[in-house]
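Presented sequentially are two complexes of chain A, the first with chain B as partner and the second with chain C.
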Partner chain A sequence: MSTTTGELAPPERAAPADRHEPGRNRAEARWLLWPPLAFFVVALGVPLAALVIRALDNETGDNSFAAALTMPVFLDSLARTVVMALVVTALTVLLGTVYATAVAVSPGWLKFLLVAALLLSLWTSIMVRTFGWMLLELPRGAIFWLGDLLGLMDEPLGVYQTALAMYPAMVAVMLPFAVLPIASALAAIDREQLNAAAVFGSGPLLTFRAVIRPAITPAMISGGVLVFVMALGFYVTPLLLGGPTNMTVSGIISGQLRTAGRPDLGAAMSILLVGGTIAIYLVADRLFKVSEKWG
Partner chain B sequence: MTDRSLLRAIGWYRAPVIAVGLLASLLFFVPFLVVVATSWTSGSFILFPPTGFSLQWYETVLTDRQWLNSFWLSIVVAVIATAAAVVLGTLGALGLTRVRSRALQRWVRTLFIAPIALPPIAYAVGLWSVDRQLPFLDDTLVSLVLGETLLAVPYVFALVSSALAGGDPSLRPAASTLGASWPMILWRIELPPLLPSILGGTLFAFTVVFDEVVLSVLLLPPGTQTLPLKMFTASQEAFSPELTAASTMVSLLAIVVLGGAQLVSNRRNRAARLRRKASA
Partner chain C sequence: MTVALSVQDVHVTLGQNHVLKGVSLDARPGEFVTLLGASGSGKSTLLNVIAGLQGIDRGHVAFDGTNVEKRPPRKRGVGVVFQSYALFPHMTVGENVAFPLRAARRPAAERARVAREMLELVQLGELIDRRPAQLSGGQRQRVALARALAASPGILLLDEPMAALDKQLREQMQVEVTRIQRQVGITTVSVTHDQAEAMTMSDRVAVMRDGRFVQIDTPENIYRKPATEYVARFVGEANLFPARGGELLPDGVTDGRTGTAVIRPEDLRVLTGTEPAGAWSVSGVVRLLSFQGSRFRLEVESDTGRRVVCSLPPQTDAATLLDGTRVRLGCAHPDRVHVIAATADDAQELVVA
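Let's turn to the complex of A and B:
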């Protein structure tokens, strides 16, 4: 899995022979590309169309989109989600850069420890990791136990089921997605440039500004965009840690179906969420070539 | 394997950077260790620190029909969805190299990565709406498997596609000049060097599907549960040590399987590197 993501793929060259054999080329492209494209139409296109139909199919005759956009609960959750995603993205990219650098410059056994921590996080389920944070943040949970032991805390911890409770868990869940691309960008820096900087007497700060930062910025951006769009759609972690009064958009949507019995509103909110997220992804993709860094 | 150039470039910042990195690694280790610790309690509540030591909750989980059934259902869904995602993702990555228009290439690539950005709950509502329109899909796993496959495709596609970019672009025209047909070139020339990344993608896709919970929340037929969904509902109803015991077991299983795979592939890579050095 160490070769996962961020390799900067050089643009593929069209093989020269293809140009002389257009017929053969077309047959190949058809056989290879059409099955997955057909699958995308069925698995992605049809559900999105069903969302639109469901949102417009409203017994009361109101416009579900207008209804959703005037619901204070929805608007609150939208603001909460965007703020959470922005803060989590900023923290994750910052910490991810330091973490990736730490992996690169650690001596043997420390490097092993840092990589093992990353892999542990990637391999255990988000559900399990969220349970861990619940147990830490409960009023008399593990953090309180430690604080009590050190004589720092005598009141039970009040963070569980508040908006603040989501943040550390979200950062922990998202961190690998920022670390992996940045680590492979760091590994790809031209060592001669670093040597040259050192030979000409550049200190660590100048080398970072002039050589390292420009080389890892694309990876930081594509990692950040990915973390941001994933954080917008996160469901389990905010729901379990933030509790029913601090729901993110995902929690509100599932509430419309599971408890409120308003699938049309849920569908309208889903379209708004999908539309917003995909729009952000597409714009970021055009600007920063995110998906090319991912494949 | 210390990187001298990078070390020199970073200078005395090395120690603080490593210190922050180690502190950040606690974000990964501590929650997991707390889950493990609470699972061996001899009491009947989740408490930290655990009271006493006993494996009673492991026994409870391993003899409970519901936990076992949900585990097997997760395995079945993950195996089918992963197999489909591996075929589709690999075909897509190979097909992309045959697309000549640059603009089209970019759009196809964007499309294949996009499911990572798709908010799972909104997608689940979409699939749920399809089920309402087509009642014969109700009480089947079709929409769940279809959805999980879509969510897994990008990981396979990304891994295979980046392996393809590192391959030798002149092999295909060479084989074609020698008269090989394109299915033959695909099978004998292109696929073999991709196998390690296809296997890596398979493991990644399997973990993603196995852990995915949001689609199961809305799409499973009543009375059935995948393992993550069982955990999710258990955490909302009765937060008992059963839950952390089940979490510990499934995590250890994942660590053993995926860690083993990682070890094997590391050893292969090292052997390949040595061979290359010997022949050079």
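Let's turn to the complex of A and C:
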């Protein structure tokens, strides 16, 4: 299209003297980078440096990183955290796809309700939401009350402080981060593609497999990576709902800092967790271009 | 397999808009019919009605005499080339073309064979393993056509098939699509707002306006014998003069007018001073003379303020027709003058004209 106008335009107009658009030259573009970079240094660099100093500063003179990596409690919690994050990610992406599909096919008023519910939950503090789940799942909590009312339960509920109690809550906390990218990928699917599938004889299953799924797979992956990375840092929800047997890495770190009196070990574990998380994110970003989907 | 299409008295309302107000159209097996109209005339809606993508309030759509208006699109056996082509980006060209067969659960060997045959038909056999994103606009259109024909549908629907192509490619593809349509012999309904495209490709052109057909006829008759002033203006350039019976009235005279004469630019010629005028002429001053390769286009403002357009042969001496020159135009072929009778529908337009 630009070539046709180029042919018609006189040559002097086709080749402008100054190719730089206003406000887009390199020096100005660099200026725009400073504020986020400064924030990054203050918010992440400074605490991280403090942690490194804290980890190296211990009375015994041992290497706290090596000490952390040989502690069975730490390694067990690490394995538990990774498994938990994987399970949460799988459940969240699955449920998120269903939820996003529901958003996409709902009539206007229901779409509004579904999105509003999602955003409201996103804007509510994790602490508040976790306590909400706690009130539901306590032995004589809301679920028991309802079951009792309907005559379905006579024993108090036994899920509180078990893994079964923490998974629904963690999936609920993470759900918006999976639903939002998938819903936007669904909304971006060309209507004509769906019409084409219908006209050429495709039923709903084939349309989903051949047209919809390929279009939303990148969003499912980027949502999943985000959920996984965030789930590695879960602290409050597993602590309050999963109980002491389901201690995550964050819980162990907190224990080292507050009760065990080994802040150096806690600091070393923190750095290992943050470093591992960043490494996973960078690899995933290279593989799946996650940041492009969120940018 | 090719079928006769019959659309009878179809009404469609979208929200508050009465988009189709009782349209009827019959197409013979193998016929190429183009729906021509401005945007908002309802032509795309009618195409969606035939495909089954748009429900109807009232009326019938029949393929070979069988009513299909209740059938969902996937059971109608139509092939569609969508305006954006709507190729599936994650599939190869071959998989795209074979998709209708995949949906029909045909065996893999048959799918591969048909995909190859169809791509041969549109002369893209070597691109079978490419992705749509790697193709040019013209190639994508051919792939879309191959896919539309792959399952041997009874009817082919083309939704603004040339809209995404640049002008040169468009003319080339008009000929190419027509060739393939003739070769396959499939009943085809195309939608366009481009009158040149409608003229080039169709057996018959159906001109639509405000949800109704104004005229359904061969391209030549649409051009030569437009049914209304709207058609005359919409298809090609037209000079409209008042007429009484079959006779042209002198410019400026409207008494006793019974209709509107349509004189195409190529039917007008410049009368030289010495030449005696024929039965009818119009005089005025030259406003614009532009060279267009195969002709000069001469725009004259008549003494009554009417804009008259005339085609002149390319060897005309432009120096004799400078802006402001007084000229007299006569009708080169008085026998070809077509008169539109003033009917109730056109009464308003006549007053304005």
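Here is the rule we use: the second predicted complex is superposed on the first by the 262 of 295 C-alpha atoms of A that agree within 3 Å, B and C clash if a C-alpha of one lies under 4 Å from a C-alpha of the other, contacts with A are read in each partner's own complex, and residues count from 1 in each chain.
Note that in this section contacts are C-beta pairs under 8 Å (C-beta built on N, C-alpha and C of every residue); 3 or more make two chains touch, one makes a residue touch a chain.
This is a predicted model, so every value here is computed, not measured.
Asker: On chain A, do chain B and chain C fit together or clash when superposed?
Answerer: These partners fit in the superposed model.
Asker: When the two structures are overlaid on chain A, which partner does A:A50 contact: first (chain B), second (chain C), both, or neither?
Answerer: first
Asker: Looking at A:G203, would you say it contacts chain B, chain C, both, or neither? Reply first, second, both or neither.
Answerer: both
Asker: Between chain B and chain C, which makes contact with more of the residues in chain A?
Answerer: B
Asker: So in the superposed three-chain picture, is A:V211 touching just chain B, just chain C, both, or none of them (first/second/both/neither)?
Answerer: In the superposition, A:V211 contacts both chain B and chain C.
Asker: For A:Y99, using the defined touch cut-off, is the partner it touches chain B, chain C, both, or neither? Pick first, second, both or neither.
Answerer: First partner only.
Asker: Now for A:M166: first (chain B), second (chain C), both, or neither, which partner does it touch?
Answerer: In the superposed model, A:M166 contacts neither chain B nor chain C.
Asker: Could you look at A:V229 and tell me whether it touches chain B, chain C, both or neither (first, second, both, neither)?
Answerer: After superposition on chain A, A:V229 lies in contact with chain B alone.
Asker: Between chain B (first) and chain C (second), which does A:N195 come into contact with in this model arrangement: first, second, both, or neither?
Answerer: A:N195: touches chain B and chain C.
Asker: Which partner does A:M84 contact after superposing on A: first (chain B), second (chain C), both, neither?
Answerer: After superposition on chain A, A:M84 lies in contact with neither partner.
Asker: Superposed on chain A, how close does chain B come to chain C by Cα atoms? Whole Å, please.
Answerer: 8
Asker: Taking the contacts chain A makes with chain B in one complex and with chain C in the other, which residues are shared?
Answerer: 1, 4, 192, 195, 197-198, 203, 211.
Asker: Given the complex with chain A, which residues does chain C contribute to the contact?
Answerer: 51-53, 72-76, 78-80, 82-84, 86, 88-91, 99-100, 102-104, 147, 151, 166
Asker: Quick check on the complex: what are the chain A residues that touch chain B?
Answerer: Of all residues in chain A, those touching chain B are 1-5, 7, 9-18, 21, 24-25, 27-29, 32-37, 39-40, 42-44, 46-48, 50-51, 53-54, 95, 98-99, 101-108, 110, 113-114, 117-129, 131-136, 141-142, 145, 168-169, 171-172, 175, 186, 189, 191-192, 194-195, 197-198, 203-204, 207-208, 211-212, 226, 229-230, 232-233, 235-236, 240, 249-250, 253-254, 257-258, 263, 266-267, 269-271, 273-274, 277-278, 280-282, 285, 290-292, 294-295.
Asker: Would you mind writing out the residues of chain A in touch with chain C in their complex?
Answerer: 1, 4, 190, 192-193, 195-203, 206, 210-211, 214-215
Asker: Name, in rising order, each residue of chain B that touches chain A in their complex.
Answerer: So the residues of chain B in touch with chain A come to 1-3, 5-14, 17-18, 20-22, 24-25, 27-35, 38, 46, 48-49, 84, 87-89, 91-100, 102, 105-106, 108-123, 125-130, 132-133, 146-147, 149-150, 153-154, 157-159, 161-162, 164-166, 169-170, 172-173, 176-177, 182, 197, 200, 203-204, 207, 210-211, 213-214, 217-218, 228, 231-232, 235-236, 239, 243-244, 247, 250-251, 254-255, 258-259, 262.
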